[in-house]
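Common to both upcoming complexes is chain A, partnered first by chain B, then by chain C.
Entry: the complex of A and B
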């Protein structure tokens, strides 16, 4: 379970990296959708998280966390939509998603746009618990 | 099949990232890219161009920075007359091989504090 301190540090990192008002960085805000972060902003956020919490996460680690190490050909169907296996995993790391509504519709390359501030805080918590420092 | 990707980035954004986070340069750029940039009086401009190329290539692939991929695995090299080309390494190279990528062409430019890059990727099949 993500502590308030971890969530606060992640939210501060996002605010500082993106230069957006703190009120906009709600836990449920999607980082690449609602907050319009780009790749370079993600790098900035992750470096700030490392400095505040001592947890090192590389940009590719985020893709691996979201995809769960599932090979591309199992994660996505022919045509690029996320498979049932992929959606089942996504529900574990992004519990806010509506699996039924996304079934057969979610393009694999759009998955990352559903990733929220809370999801990032949960990832940081998981990595800290795994001793990734 | 031909796929394209494009990226536009503020030089100052790259400069700020590198200034704020020691170690960011080595995580994003190869030794050759850093050395090339540091030979210039405006290294941030060169690095921004290289970052834009990396993004443009990954957009053309349609992956973004996928599982196990590193920014340094799309490396921008300048040919003797200055034309940029990319070398793929590691997981990015393995992805390109699996998808039968036969050619990656890139172009980049800078002006008014911005760097822009375009990539065209040929997939066989």
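Entry: the complex of A and C
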């Protein structure tokens, strides 16, 4: 369970890195969609999170976390859409998604665009709990 | 109290010349200094001894910065043994001068590997550490040869041109991470590297073309490095600052012959 303090620190990191109004960085805002973050923005966000919370996350960790170690051939189907197995896992790390609506439609490469500020805060919480520094 | 108390600096190619002067000057301002060298261990040890004799902190670290693995190891060792890193001075450089008619086909590559490759590898090796701590300073030693042509120095000139261009691009990319990147554009400076230039005729053939009518001293280049390194919260980034006795400001030789 993500604490208010962790969520606040993550939101602050996003606000500072993107230079956007704090009101735009709602927990449900998608980082790469609504907030239009680029790869260098993500690096900046993650370094700020590391300084504020002492939790080190690399940019590449994000897609690993989202895919949950499921091999590509199981996560995606032919044509590049996310499989039922993949969607079931996504629901655990991105509980806001509507799997039924996304079934057979979500391209694997688009998954990361659904990642929200809250999802990042949850990831930070999971990493902190796992003692990853 | 020095301007760089509590800071740790890494100077590549610091056993002699401009690198040595930078190591001594940074230490004099209170920085602990990692003195990198490739082959001149005794000279590097002498620099370390001189710093320690003056009450400073320093240690010598071998490593060929043209090798990315060696550059990373160098940075990690410096951080581990000196307790951090805040300033990187990319100084290591070589020359393989000669007329284009005579140079071996890979002469450019050898020079580029050290003079630009060293800057690239060491920069890459520090950026994560710098970004994680919220900032750092990189000072690259470039050359007036990056800006103006001279006979016989094409490979060196091209490598320093790369350093100057990289300085600007890296400064823009790294600014948001609190990392400033600047270059000191050294003119003809009294070091072993340019010994052959100044050996003949007491160097008059060179100094007559320089407004200040003398070659530079390594300490003068180092003083600018300290200035740039010390502006930790400064507003200077992406700059290439000449320390050249006015050479780059001159049209021709600055007067009718």
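Quick notes on this one:
By our rule, the second predicted complex is superposed on the first by the 133 of 133 C-alpha atoms of A that agree within 3 Å, B and C clash if a C-alpha of one lies under 4 Å from a C-alpha of the other, contacts with A are read in each partner's own complex, and residues count from 1 in each chain.
Keep in mind that, in the parts below, a contact is a pair of C-beta atoms (placed from the backbone, for glycine too) under 8 Å apart; a residue touches a chain by one contact, two chains touch by 3 or more.
Just so you know, these numbers come straight off a predicted model, no measurement behind them.
Superposition note: with chain A as the common reference, chain B and chain C are in steric clash. Of the two partner chains placed by superposition, A:99 touches none, neither chain B nor chain C. When the two structures are aligned on the shared chain, A:24 is found in touch with neither chain B nor chain C. By the touch criterion stated above, A:67 is placed in contact with chain B alone, chain C being left untouched.
Contacts of A:112 after superposition: chain B is touched, whereas chain C is not reached. Judged by the touch definition given at the top, the superposed model places A:39 against chain B, while chain C stays out of reach.
Which of chain B and chain C touches more residues of chain A: that partner is B. With the complexes overlaid on chain A C-alpha atoms, the stretch of chain C that clashes with chain B is 164-172, out of 164-172, 200-208 or 218-226. Chain A residues in contact with chain B (one complex) as well as with chain C (other complex) are 40, 43-44, 47, 51.
The touching residues of chain C, counted against chain A in their complex, run 131-134, 173, 176-177. In the complex of the two chains, the chain A residues touching chain B come out as 38-40, 43-44, 47-48, 51, 58-60, 63-64, 67, 69, 72, 80, 109, 112. Interface residues of chain A facing chain C in the complex, by the touch rule stated above, are 17, 40, 43-44, 47, 50-51, 56. Residue ranges of chain B in contact with chain A, taken from their complex: 9, 13-14, 17, 20-21, 23-24, 27-28, 51, 55, 62-71, 91, 95.
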